[in-house]
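Let me begin by handing over the structure; questions about it come next.
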Amino acid sequence: MYTISVRGHMMIAHSLRGAVFGPAQQLHGATYIVDAEFRKSDLDPDGIVVDIGRATDALHAILAGLSYRNLDDDPAFTGRNTTTEFLARIVFDRVVDAIRRGDLGPSAGGIDSIRVTLHESHVASAGFEGDLHT
Amino acid sequence: MYTISVRGHMMIAHSLRGAVFGPAQQLHGATYIVDAEFRKSDLDPDGIVVDIGRATDALHAILAGLSYRNLDDDPAFTGRNTTTEFLARIVFDRVVDAIRRGDLGPSAGGIDSIRVTLHESHVASAGFEGDLHT
Amino acid sequence: MYTISVRGHMMIAHSLRGAVFGPAQQLHGATYIVDAEFRKSDLDPDGIVVDIGRATDALHAILAGLSYRNLDDDPAFTGRNTTTEFLARIVFDRVVDAIRRGDLGPSAGGIDSIRVTLHESHVASAGFEGDLHT
Amino acid sequence: MYTISVRGHMMIAHSLRGAVFGPAQQLHGATYIVDAEFRKSDLDPDGIVVDIGRATDALHAILAGLSYRNLDDDPAFTGRNTTTEFLARIVFDRVVDAIRRGDLGPSAGGIDSIRVTLHESHVASAGFEGDLHT
Amino acid sequence: MYTISVRGHMMIAHSLRGAVFGPAQQLHGATYIVDAEFRKSDLDPDGIVVDIGRATDALHAILAGLSYRNLDDDPAFTGRNTTTEFLARIVFDRVVDAIRRGDLGPSAGGIDSIRVTLHESHVASAGFEGDLHT
Amino acid sequence: MYTISVRGHMMIAHSLRGAVFGPAQQLHGATYIVDAEFRKSDLDPDGIVVDIGRATDALHAILAGLSYRNLDDDPAFTGRNTTTEFLARIVFDRVVDAIRRGDLGPSAGGIDSIRVTLHESHVASAGFEGDLHT
């Protein structure tokens, strides 16, 4: 299995509802350093998993759509806690959408699975991984 | 599959028996930077894999029980080499015990698997991963 | 010159006023990974620059006083932009206050200078350094 | 599943053929920081996955055979693009060869799978992972 | 003294002349992860050392002018070894030029000194620092 | 001012005497990741601060002389606490000795100052810096 991984980041405000979150129930924020890993069984004729430039651009566009905002005000997340693991799934879903729209080019068609990891600090991260052909 | 990962560290002395270890047969020591990754198929109603605060506290308590000691003197390890990979398994087992005692809260009940990684330097690490429902 | 450095982090929301900030004028947030470096000409009789445990506790207490909050609502910052460099100075001032209160113990009396660095992402940081005896 | 991972690096020149590579079609170069992870179900009697010293030496020897060279001139890669993912496979294959030659010692015989990751910058990496007993 | 630091990277090919360089006399290459740190005594009225967006753009433009090339063919470096420390000075000089052209905006006028660091691997880096008002 | 920095590591056991050290009074250990930075006003005719290969070899030799040992048994440290800051000074002194013996080659003669940093974990480090011509 071949992989490539690209990195970007976003800076957001949000609050979390539920006693489990303690002080994080208050409005606060985070920098998420985001890695998107793409996995494929074989390389294409150019010798790549996916166009790394297009993958980076697609990830950065997805993160720009979330960054510099208060996620509590985003209608897409009404009634949901925007935890790190939940946001990893959101980024995953939007990367899959970008692939299906053709934003990552034709070689992205053969991608088997994707793993998105959000690093929220030097001591904590969360992620979501899923197959594309299930 | 959703994941969260938390980090702590421990500082220990030990020696290793066997020609394969070369100079590490002498009493020496290590800082282990320890990552514990928890994997679950679905988020709980709060939107989390597990309470990250409790997971961090549980990991830190386990590492405090090993840290600032000479592991050669620990009866739990009599007759065993406390290699990095062996210690990864020890931390894994103790994290599983903590989950079963309820230390990580009710959401930890659904955890599918755990991966523990010990970084012993900037150029070497070891780990152990296992399922919880086998 | 001897140095020791300890690390902590805080997660905050804020907005910045001024066209120079572009989208960061909107309410957003950041994780700041914070390093505090202490410099001293000589070691004390124990062989240390400062009690690393107390230095860590003091830094964590200062960061806890800022974390999980919207800094736009903090009266201490009214009329000021809480930029990364400004916050580095705030943490510096509070570390100096902690030393003067004796929170870092007697060996901290001889500290010559301090540097505080806030890492806001994997690609940007800011800091403030200053002498203590000027 | 137990794992150990060792790190080395290589510094190479190369060019890539195909419009997808944009400016990387020109002769340029890269530092690759290379991690080789070894996975095994059980520890050997010494308590290890594999002799970490031998594994490091074997990885470094493989990287020395590629480093400080223009890969465009290497007959082994004629007609192929030496992309990061392709080079991850090359390193993987050579690690497998080293195991089969006995360079990593007898404990390496039980290794189930290997993952090789090449970090080409702070924002991009690629890898190849494969089983040894298929 | 306040500081901000921004990061970028470049990927180049080159060779070095002189027995001291050993195998690096052959054509090879490197990824340089580049940090540019700006130091100033006081913050401007917006509360910043320099516009971090403009500083990042200026650094990236300078690195783009060096990246994806064989530095042996660059007339600017004829007769010089493009060592990591030499390239740190080149980037420093070009950052100073960018400031003098006004590319970093008016707040950059008060910058006292700059430090440029090039990380060539996980185990080696080089840098150049200098004052702007000497 | 030009700089180059090289990295190595050592793994040691020790104990520390004094109530300030809390549980670190017990025999324990540490991995120290060690950076040695060399500073010089001008590059030599080859375009370097110092031969990076020789500097790396000298640092590794110094660290090998301390590694895989219990520092409590080293006569060189009798009656002293081998704190991280103290060990930074020891490594500094031994690097200076290596320069004076000629181990780093003739270009090392012009080095103005050196900074040695020991990272004892992901959250703490200590260092010593000093001039060579005072």
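We call the chains A, B, C, D, E and F, going by the order they appear; numbering starts again at 1 in every chain.
As a working rule, a residue touches a chain if its C-beta (ideal position, glycine included) is under 8 Å from a C-beta of that chain, and two chains touch if they have at least 3 such contacts.
Keep in mind the model is a prediction, meaning the values are calculated, not measured.
Chain centres were defined as the mean of their Cα atoms; on that basis the chain farthest from subunit F turns out to be A. Its interface matching that of A-C in over half of the contact pairs by residue number, B-F stands out among E-F, C-E or B-F.
Looking at which positions face the partner, subunit A and subunit D present mostly different ones, since fewer than half of the interface numbers are shared. For the pair subunit D and subunit F, the distance between mean C-alpha positions equals 31 Å. Once the centre of each chain is set as its mean CA position, subunit A and subunit F turn out to be 41 Å apart.
Taking the mean of the C-alpha atoms as each chain's centre, subunit C and subunit F sit 27 Å apart. For subunit D, the set of residues touching two or more other chains reads 7, 122-123.
Note for the complex: subunit B touches subunit D at residues 16, 18, 20-22, 80-86, 88-89, 117, 122-130. Contact residues of subunit B toward subunit F in the complex are 7, 9, 11-14, 23-24, 26-33, 67-70, 120-123. Across the complex, subunit C meets subunit F through its residues 1-8, 43, 46-49, 51-53, 56, 105, 107.
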